[in-house]
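Down below are the structures I want you to see.
Next come two complexes, and both contain subunit A; in the first it sits with subunit B, in the second with subunit C.
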Partner chain A sequence: MISDASAVLTASPVLDVRDLTIAFRHRAGPVQVVRGVDLSVGHGEIVGLVGESGSGKSIFARAILGTLPRQAEVLEGKIAFSGSDLRRVPPSEVRQLRGDRMALVPQEPMTSLNPALRIGRQLTEVLEVHRPEIGSAARTARAIEMLDLVGVNLPGERLAQYPHQLSGGLRQRVAIAMALICGRVELLIADEPTTALDVTIQAQILDLFVRLQEQQRMSVLLITHDLGVIAQTAQRVAVMYAGELVEVAGVNELFAMPHHPYTRGLLDSLPRGGNAARKSHLPSIEGTVPSPAAPRQGCAFADRCAFRVDICGRRAPMLEATTSGRSVRCHRWQELADRFACRDAVT
Partner chain B sequence: MSTPAPPLLQASGLRKRYRLRSAGAVRQITAVDDVSIQLVPGQTLAIVGESGCGKSTLAKLVTQLETADAGELVFDGRPISIRSRSERLRFSRDVQMVFQDPYGSLTPHFRVGSLVAEPLSVHRLASATAVRKRVAEILSSVGLGPEIAGRFPHELSGGQRQRVSIARAIATRPRLIVCDEPVSALDVSVRSQIVNLLLDLQRDLGLSYLFISHDLALVDHIADTVCVMYLGRIVEQAPAAVFFAAPRHPYSRALMSSSPVPDPRRRNNAPAVQGEVEAGAISTGCRFRNRCPLAVDRCAQSDPPLDPVAPGHLVACHRAEELGTRALWTAQLG
Partner chain C sequence: MLAYALRRIVIFVPTLFIALTLIFVLTRLLPGSPVATLLGGQSVNAAKIEEVSRQLGYDRPILVQYVEWLPRILSGSLGQSLFFTKPVAEVLLQRLPVTLSLTVLALLVTIAIGIPLGIWSAVRRGSLLDYSANVLSSLGMALPPFWLGFVLILVVAVALKWLPSSGYRPIEIGIWPWLSRMILPTIALSLSQIGLIVRMTRSTMLEVLETEYVGMARAKGMPERIVIIRHALRNAMVQIITAIGLLYALGLGGSVIIEQVFALPGLGELITTAAIRRDYATLEGGIFYLTLTALLVNLVVDLAYAYFNPRVRLA
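Right after this comes the complex of A and B.
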């Protein structure tokens, strides 16, 4: 049997991304879809990355995993995983890391499962590749153990089934089992892992992530567009807008007191229910997300921001560290933080 | 409570079966099983439930996109079944639909202007000369400028496209719009814009909505009445205020506590229910019993009828009475 989590207690984070910029090659020139992103994930930490469709979350994840589409290219920055800079590591070694020390749980589990292979075969195959020292009987035992760990009922019988014979929720559990089976995963990247699932199943899968993080000291980068999922699961949150991080903070601090106008707008726009508010207008952010190809001058959120001032359209704000260990990208964060603090964030 | 207005639409005992062919065998799935609902003018009835519970099938039955195997639909006091051709045309004008996917529901090679003009010409609602003006009016009432008329759907953002679908739906001046997950494909920052638009249109035009959604917080915001469906059946129906204050059915409770609340101070400690929806897994008794934390012997013996527990509040659970007292909940579910 493999001992779980080889995670050594270190002060340095599992993942440390600095100033990462990614562009797509287009006829009209490169289009930057991830711009100067700094983000770290500590040991045993769940970091939520939240942003709207097209904000660059998946491309960011794929850069870490070394699975960028061919048309995309990292222009700048550093991706440090457990101390080594992945941009300087040969692709064959990154491939070896994937599925072993870092793994992806995709939105649609069928993208990581092979429809033509029985569940048992898919799981043991991962072990064959990454842990050849394990014998065949032990591989099967390990597969059953993993299915059980992620809450698949009748794990022994599932080995003979094909993915299409399972429900969406079970398939996602199998995909998670597959991501973890090597027993050495330090970083799990989950890209919208529950978006395709029903809420009662979503609650079960999120609970599973939290359990894995607590019991196995797993680090998780949880990508989602759903602020509810973030609030229920993450310890720290990074908010992405149009390819940039606009705010990074502890989950309690972010929800209680957002500093960036975009974060605040998002939180305010969520319906909170209750009789008093029923059928009243929801606060909304006017306008739409800018296209990544559009020329950018100044703050990316400026044309939708209720707080914009002259300088916002001229100079791009930097991601600044605040006094309380958070960071925010807004010229006016200091003055606005005080104002936003007065609002009753969550009732 | 004042006397309720006569319903705009009344569906009674709707049933729809589908044949499924899987691995050579033919199975029957009852997608909608003995469902009755009432739509009040100017109000919103929300249908909530998980995938496969029959929400969208119910929407198609109500809009007559599909015909029910059993049951009756009465619109504006007249059964649909005995309507004349002209009355049917009138029905198709009075009842419109807005879908989840604004990408799929707009014909890609038509410009927005033609898309919005189409229902006007089908129902002869504007003369050729007046069409352009009317289209501009309709676009403006959904918050789009007249210049949008010249664009193709792919030249619009998701939110703009959903506005165009809504424009098409209101073009015929309908009385009921069936909205099937109208905002769930939209970006979070655009969602509230569309919700506000739907609320404004309801207030200004006196529209009724049959609003299908899996988002309970949103339903809490916009609905007057809530119906919860599970495997083809309504398991609970109540005024929204009553439902959200004290849902009675164990499945309603599970849905509510599974919905991720955007507040880290209110984290769920454990998932509310285990297991998954399995169509056809249960042939006798309550269909929720394999997942229900409160199931007792009785639940396997007979299917609980949808009975009133209070005026306007219906629950299909053998233990509905006991569940009215909170003690049982706290004892068993924490």
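Right after this comes the complex of A and C.
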């Protein structure tokens, strides 16, 4: 079976990350928070990156953008953006890509807009830096046009307002407008873009995302802890656990048949039938992501895994490619897949 | 902004009233009486003291004195000094430019050096510059200003003969005669203030540089210069500005000592003498002037605070 996800993949992906390892400098030595991650995002593709907080997914995004915090550094790997390895490009050139050809929609609209600057200023300064040829009147016009595009009412008046005068949903729309204002975005990285919003606004923003992605023909890396968000938007999903990818699959395949026990756990904790109010009563996976500083032997998920066997604690599983074009990191995936396929057939 | 400014100005009135009351009460709480000091040289007997006290009105209940005093000081007529043969207001107006020169110059120097140095240490944290700034600011805060003043006089004025060691020339005589006598006292007064503002600026900037909106500015591809000045500093200024108001009040305190060291005929020097002599009128007038400048500086600070903080301005 050929998945519809693979149909949109073209020969050269917009983003192609290979074997990326990121560590935090620590007195006791480097602590790896992202370990050998391979991930690509094709043209016009929305790829979801899922994981709990602490899984390393936000640091992964910052590494792509080249805005890692001081304490963190890329130890190994390649980050190819439109064919060029960003680790070999001087930082000043990576800066020029940011906000222009690759952009970020941040997690917290409440805190990621500058409280001391007017909305208009925060929008037009992006053009000032990346499109200096555009005059000041045209910049303002463009800002209004973008606010209108992302569904901000009274866009002209918003320019003179400050972030604290806007609701959370409006702020997130402003942040999206800010990310797209240059009009040349090839890769949009959205880091938990709806987490801070309430449910109805969440749905609106996700709709906006999908609409804009189609309109602007851009690729999106959507980072979230919420598989529900992925189901509504992404074509392919990568599941991250403790700094490693544990499963990569097309969104339909993954939801139909999760291979990794962790993915299964995430899916089981999703509300069915779209009743978000029940969310808090759902079983979630017990335990927490192991500390990246803890010594690791065997499978990182072993402590929380219901299917754990002897070998899991002794030998770390590798990310294996399956015959259906998916990858999974579990010693028992094949066996479990068969077992669950049988059970599903019976029920 | 206008509404905010008006509100600040309205608040100014009760603040001034409280300050005045404190000035009056604290002055009268000083042990000893001006009459005794006035008659100090003569062989004093109780009857004589009582008589002079009655003449000066110091025998009446303190509340009556206060009620009479308050409108007088507000109207600017501060009464007659017991020791100078001039009205207090005249004496004070002569002294005010000296103190203002010293404290305002010190504040300007502090801002001009301290804030950039603080920003720089924050941006280059852990660098040699950051380390040196840290050592310097600790030193500045640890060294007593009067000692620093003496060292400056000994080295720069006495040994090197670069600048005059003491005294004051009004600015009307010429910029250089005025400035040359202000340089050393200004350095002595501002060094500890600089230490304070460097640390304050550094820690505030470090905090702001960690915020998400600064991260967002970087993610938008803003050049580092814009990230630091437009995005970080603008927000850090809100807190730094508050510190500046405090700093001025501290500087006024320091100026009292510095004026003594450099023989500057300023308010501080006047107040010290007036306090020793229990010259109520001069003492109260002098402190009133100092308070007034501090309150005015704080008013300016409040307005600047609103300028940097839209949440305050538009509230």
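Observations
Please note the rule applied: the second predicted complex is superposed on the first by the 309 of 347 C-alpha atoms of A that agree within 3 Å, B and C clash if a C-alpha of one lies under 4 Å from a C-alpha of the other, contacts with A are read in each partner's own complex, and residues count from 1 in each chain.
The working rule: contacts are C-beta pairs under 8 Å (C-beta built on N, C-alpha and C of every residue); 3 or more make two chains touch, one makes a residue touch a chain.
Treat the numbers as computed from the prediction; the structure is a model and nothing was measured.
Using the contact criterion defined above for the overlaid structures, shared-chain residue A:P115 touches subunit C, although it does not reach subunit B. Between subunit B and subunit C, it is B that contacts the larger number of residues in subunit A.
Once the two complexes are laid over each other on the shared chain, residue contacts for A:V126 go to subunit C alone; subunit B is not touched. In the superposition on chain A, contact is made by A:V199 with subunit B only, not with subunit C. Look at A:D226: by the touch rule set out above, it reaches subunit B but stays clear of subunit C. When the two complexes are overlaid on their common chain A, residue A:L97 makes contact with subunit C while staying clear of subunit B. On subunit A, the surface touched by subunit B in one complex and the surface touched by subunit C in the other have no residue in common.
If you check the complex, the residues on subunit B that touch subunit A are 50-51, 157-160, 187-193, 195-196, 199, 214, 216-218, 220-222, 240-241, 244, 254-255, 257-265, 267-268, 270-274, 276-278. Taken together, the subunit A residues at the contact with subunit C in this complex read 65, 67, 95-100, 103-104, 106-108, 111-118, 125-126, 129-130, 162, 164-165, 175, 178.
The touching residues of subunit A, counted against subunit B in their complex, run 52-53, 167, 169-170, 198-204, 206-207, 225-232, 251-252, 255, 262, 265-267, 269-275, 277-286, 288-289, 304, 346.
Those residues of subunit C that touch subunit A in the complex are listed here as 211-213, 215-223, 226, 230-231, 234-235, 238, 308-311, 314.
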